[in-house]
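Two complexes are shown next, each including chain A; its partner changes from chain B in the first to chain C in the second.
Right after this comes the complex of A and B.
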C-alpha cells in the first residue's frame, strides 16, 4: 500500500513556483515493512511518568485497519495528520512541576528488518519550573529499507527548561519524516538539537512558538548530504510573546549528488515587542554536483524587534586544506577535520559521550566514502 | 506611556496628481479580446508578424493562471481596463510642437529642464504612445539609435524581430503574455561597439486616462565595449479606479559592455505595477540596476540578470517605501550561467502606516558557473507597528566552487543611536531624519541627482515628538 503525504514543509509565504520549494509531497511504500515493536525506553528510572495506557503497541492493527478501511487515508495533508491516522507508537511524557531530572531521558529507536516501520507520536508536557533533558535517537541496526514518520509535540509551561535532542542515523535506504511542534511558555527555555545525519530521504520540520513573554528557544541543527540523498528541512521560529528570544543555527556539509533544501523562518508576530531573533546557516560544499537550496525567511509584523539572518555557502578554504595536508593529513582526513570543526560546537552540547562518538564516527565514515 | 512618534511624511504628490481632461485621439473599448488586440495592431499599422505575435500572446494569457505567490491581484478585472489610449498628438521632436496640456504635464515633472541640463536624449510617453523623442546630434553621428518602439518597428524591423520578447517570452507569466498582446510605446536603444554615451538617456512614462493600462516595451542593445546609462521615470494622477502598468524591459549587454538602468517609480496608489525586466549579459559585461519604488497600490517587480558570459557582473541597488494602502513586493533575480560571474544585491525597504514591503529574491548558480560570487544584503526599517516587512530570498547553488553570502536585518530606529546623536546637540526629530536618510543613503547616492533630491523630499521629516 502506498501512502501519499502532501503539503509537507510548507513555506510560510510561498515564492516562485519554479524553485519547487513551496511545499513537498512524498509517497511512502509500506510493502514488506514490519511495524516497530521494540521498547525504546532505556535508563529510565527517574521521575518521568510514562502513562502506560498511552503506549500503544498495537501498531500493525491500527495501521492496517486504517489503510484497508478507508482509501482516502492513503492521501493526507501534512505529517501530523498522517501520524494521527497511522501511529503505531504513542508516548506521553509528563514532567511534574518543579521536577528537575539530573539524568537525561533516552528514547532509543533501533530499526531493523523486524522493526522497519515506525510511525510514532511523542507528546511532552513540561510542568512549571521543571528541568529535563530528553534524547530521542533513531538508528538502523543494519542496512535495509526502514521508514520512520514521527510527530513530536512539546509544551513548556512557565519557567520550564527542556533540552530536546534528536539524533537520526538511519540507513541510506531509509526514509525519515520528522515533525516537531514546540510551544514555549513564559520565561521557559527550549534548547533543541536536531542532528539529521542519516537516511537517504530526509524530511525534517520544526515549528517553535515563543508564545509567552520572555520565552526563549535555541534550535541547533547539523546535517550531512551524501550520495543521492534528498534533504528537505523547514524550521520556523514564531515570536508571539514580548521580549522573547529565538535563534536558529544550522551547519551542513554536502557531498556527491545530494540535494538539500533548507527553509528557515523567523516570524515576528505583531505584539512581540522587544523580541530578538537570529538565523544562521553555514554550508560546506564538498561536491561540484550537490544541489544546495537555502531559503531564509524573515517576516516581521512588529516594529520593535531585532531580527537578522545570515547564510554562508562555499567551498572549504583552500589555504586551510593546504595547511592541514602539509601537516601530513590526506585530503579526506583534512576534509573530515574541517567538517567536524564546523559541527563540533553543536555536537559538544550532546550530554552522552557514546552518542557524540557515534556521530563523529558517522561523519568520518561518510567522508571516507565521499567520491 | 505612549511614545510620541516623529512623523515621516509621504511625498507631496500634488505635482503628480494633476490630470488632464483633454480627450484622447483614439482609445479601444474596455476589456481584452481578440478584436481589441487586432484593433490596436491595425491602428498602429504594424507588420503582420507582430499581429500574429500579439494574438499568440493573447492565447498564452488566457491559458496561464495568476501567480500562486505574492500579493493578491483579485482586484484586477481586465474588463475594466482600457488597454490602448492614444493621446491627441503624434510624436514630436520639439517640445514646442506638443499640445500645451501635455507639455505642461512634462514641464511640471521637470523633464524638458532635465533634458537641457543633463541628458543625452529624452523620450516621453503619455498613456499608450510616445509623444516626444529626441537625441543629441553628436550621438546620432556616433551611430547611437534612441527612438520610440513604434518607429523602431518600422525602421529597424529586422533587429526588433530578432530581439522582441525573445529574452522575456510571453509564456514567462500571465502579465508578460498580456503585455505581448497589447503592448504600445516604449523606447528602443542601440549603442554601437566601443561607444560611450556620457550623459544618460531618459524615458518618462505618464499615465493620464483613468482605468487605462500602460504596456510600454523597452529594448536596449549595448554592443561590445560600449557604455550607457538609461533612466526611466513613471507617474500617474490618482483615480478611484484601478490603472494597470505591465511594461516589459529587455536588455542585451554584449561583451565588455556596461549598462546602468535606473528607475524611479512613483505611480499613484490606484496603480497595479506588474512590470517585468530582464538583462542578458555577455562576457565581461556589466548590468547595474538602480531601482526606487515609491508609488503604486501593488508592485511586483524583480529585475533579472542572466550572467551568460564568463566574467559577467550584475549589481542591484534597490529601495522601496511602502506606506498606507501599499504592497510593494520587490527584489531581484540573478542566474549565474558562466564561470567567474559576480553579483551583488543591496536592498533597503522602509515601511509605515500599514504599508507592506517585501523583499523577494532568487540567486541561482548553475554547475557551469564555477568560481562565481554573490553577495546579498537586505535591510528593512519599520517606522511603526501597523506595517509589515518580509524578506523572502532563495539561493539555489549547484556547484561547490562558489562564495555566496546573504545577510538580512530588520528592525526599527535604534533609541541608542537617537540618544547618541541628541547628545551631540541635535534635536530628536533631526536625529531620526538623519538616521532614515542614512539608511537610504547607499541607494540615494546611486541615483541621478534630480532623483536623489526627489527621494530626499520623499523622506521628509516633520519635527515633532520626543523619546517616550
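Right after this comes the complex of A and C.
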C-alpha cells in the first residue's frame, strides 16, 4: 500500500525557483516491509558497543505499545500527522527537574529485513535545570530497503541543558524522513547534532523555537551526498524571546550525481530584542554533476537583532589535488582527508567513541566507492 | 655513482603548446643540481612534469627514476617512489591542519600507520630545526601563511617525508636573511649520499651554504648550458643575456 505525505519541509515564505523547492511530497510504499519490533534500548548490534542506557532515578524512558494504529489514510499533510496515524514505536523521555544525567541516554534503532519499517514518535521533556545527553541512532544492519519516518518533539524547561544527537546511517536503498520540533525555554540550552549520512532518499527537518529570554540553541549538521541520492533539509530557528541565540552550522560533501536542497531560515519575530543568529553552510563539492541548492532565508520582524548567513563552497581543484597527491595521497585519500577535515569538529562533539568511529568508517566507505 | 633520475629527450606541452623540448638531465645520488633560467623558461613546468601533474602532456621522451620508467605514473605513485616537490606556489587547504596532513602523507608514503605521539615529536623537532614556530602545526595547511612561511612549510614537509629526490622550486624566494640560513641548514641536514636535490633558483644566496655539483641553465624549454658553481655566479653578475648560447 502506498502512502502519500504532502507539505514536507515547507519553506516559511515561498520563493520562486526553477528547482521547485518550496515543499516536498513523498510516497511511501510499505509493501513487503515489516514493522520494527526490536528494542532500541538494548544493545542489539554486534558491530557497535553502546553502553547500557542510563535511566536513572525517577527520570525515565517509557515506551508505548501502539504498532500501526491505523492503516487507512493514504494521503496526509505533514510528517506529524502521518506519524500520529502509523507509529509503531513511541517513546517518552522524561527528565526530572534539577536532574543531571552523566551518562547519555541511547536509543539505537537497528534496521534489517525483519525490522524494515520504523515509524516512531519520540517525546522528550526536560525539566527545569535538568541536564542530559540523548543519542538516537538509525542504522541498517544489512543492505535492503528500509523506511524510517520519525517525529521527535523536545521541550526544554527553564534552565535545562540538553544535547540531542541523531545519527542516521541507513542503507542506500532506504528512505529516511525525520522531523524534529524543539522548544527552548528561558535560559535553556539545546545542542543538537544531526548526522544525516546514510539513506538514498533523505528528508530532514528541524524547527527550533527560542521561546523565552536567553534561550539558546546550536544545531550542527553533517551530510554526505553520493550516487543519485536526494537530500532535502529544512532547518529553522525562530527567535521569540529577548536575547535569545540560535546557530546553525551545516557541513556537507557532495559526490556523483546527488542532489541536495538545504533550506535554512532564521526568523526573528517581533519582540526578540537583542537576539543573535547565524547560519553557516560549508559544502565540499567533489563532483561537477552534483546539484547543490541552498536557500537561506533571513526574516526580521524585530530591528534590534543580529542575523548572519555565510556559505562556503570548497572544491578540490586540480591544482589542489595535485598538491595533496604530490605528498603521496591518492585521489580518494585526498578527498577523504578533505571531507574528514570539514566534518571532524562536529563529529568530535559526539560523546561515544564507537559512534564516532562508525561515522569515520562510513565516510571512508562512501568515498572508497565513489567513482 | 648510482643513477637516480634520468630524463631523456623530454618534450612536454600544455594545451597543445610545447614548453619543454629536447630536455636531457641526469642526476646521481648524492648530487645537488641547480637550475637557473629566465622567467617563463619552463623551470616550474619541468618540476611539475617530473612530479606528474596531469595538466601537462609528455609528447616525447621519458623520465627514469631508479631504473623505473615513471613517465606514465600517477603523482602519488611518484611520491611513494621518493620524489618530492617543494612548490613555487603551494596550495592552501582549508580544514586540514599541517600536522594531520603530514601524518596522513607520511602514512601513505611509508605504508605504515604513523603513531600520533611519535609523529608529533618528530614534527616538532623538525620545525624547531628550521626555526618554524610549532604553532603552525595546528594551523590549516598554508591557509593565511605568509610567502616565507609557506616556503618553510615546504621544507618541513621535505624533512618529514625524507624523499630520495627533492626538487625545490624557488624555495629561497621571499625568505628573509635568517630564514634563508635556516632553510639552507635544513637542506644541508637533509643532503646525504643516498638522495639528490634539484634547486631551482634565481639567485646565489642559497648557494653560499649549499654547495652545488652542477649548475644548469634552462632557457626556451631546454638545458642550454651546464657548468659548476661559477656559472651561477657569472649569471648573478652579468645576467642570462651575457651567455653566448642565448
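Heads up, the rule we're going with is that the second predicted complex is superposed on the first by the 334 of 371 C-alpha atoms of A that agree within 3 Å, B and C clash if a C-alpha of one lies under 4 Å from a C-alpha of the other, contacts with A are read in each partner's own complex, and residues count from 1 in each chain.
Just so we're on the same page, contacts are C-beta pairs under 8 Å (C-beta built on N, C-alpha and C of every residue); 3 or more make two chains touch, one makes a residue touch a chain.
As the structure is a prediction and not an experimental result, all values here were calculated from the model.
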Regarding the shared-chain residue A:4, is it in contact with chain B (first), chain C (second), both, or neither?
neither
Figure out whether A:294 sits in contact with chain B (first) or chain C (second), or with both, or with neither.
first
Under the stated touch criterion, which partner chain does A:318 make contact with: chain B (first), chain C (second), both, or neither?
second
Touching partner for A:369 - first (chain B), second (chain C), both, neither:
neither
Could you tell me if A:327 is touching chain B, chain C, both of them or neither one (first, second, both, neither)?
second
Partner touching more residues of chain A, whether chain B or chain C
B
Which of chain B and chain C A:141 touches, first, second, both or neither:
neither
Which superposed partner A:285 touches (first chain B, second chain C, both, neither):
first
Is A:37 contacted by the first partner chain B, the second partner chain C, both or neither?
neither
Report, in rising order, the residues of chain A that make contact with chain B in one complex and with chain C in the other.
312, 314
List of chain A residues in touch with chain C within their complex
312, 314, 318-320, 322-331, 333, 337-338, 341-342
Touch list for chain C against partner chain A, complex:
48, 51, 53-55, 74-76, 78-80, 84-85, 87, 90-91, 93-97, 100-102, 104-106, 108-109, 157, 161
Quick one: in the complex, what on chain B touches chain A?
67-69, 360, 362, 367, 370, 380, 382-385, 387-412
Under the definition above, what is the set of chain A residues touching chain B in their complex?
13-17, 19, 21-22, 254, 268, 270, 285-315
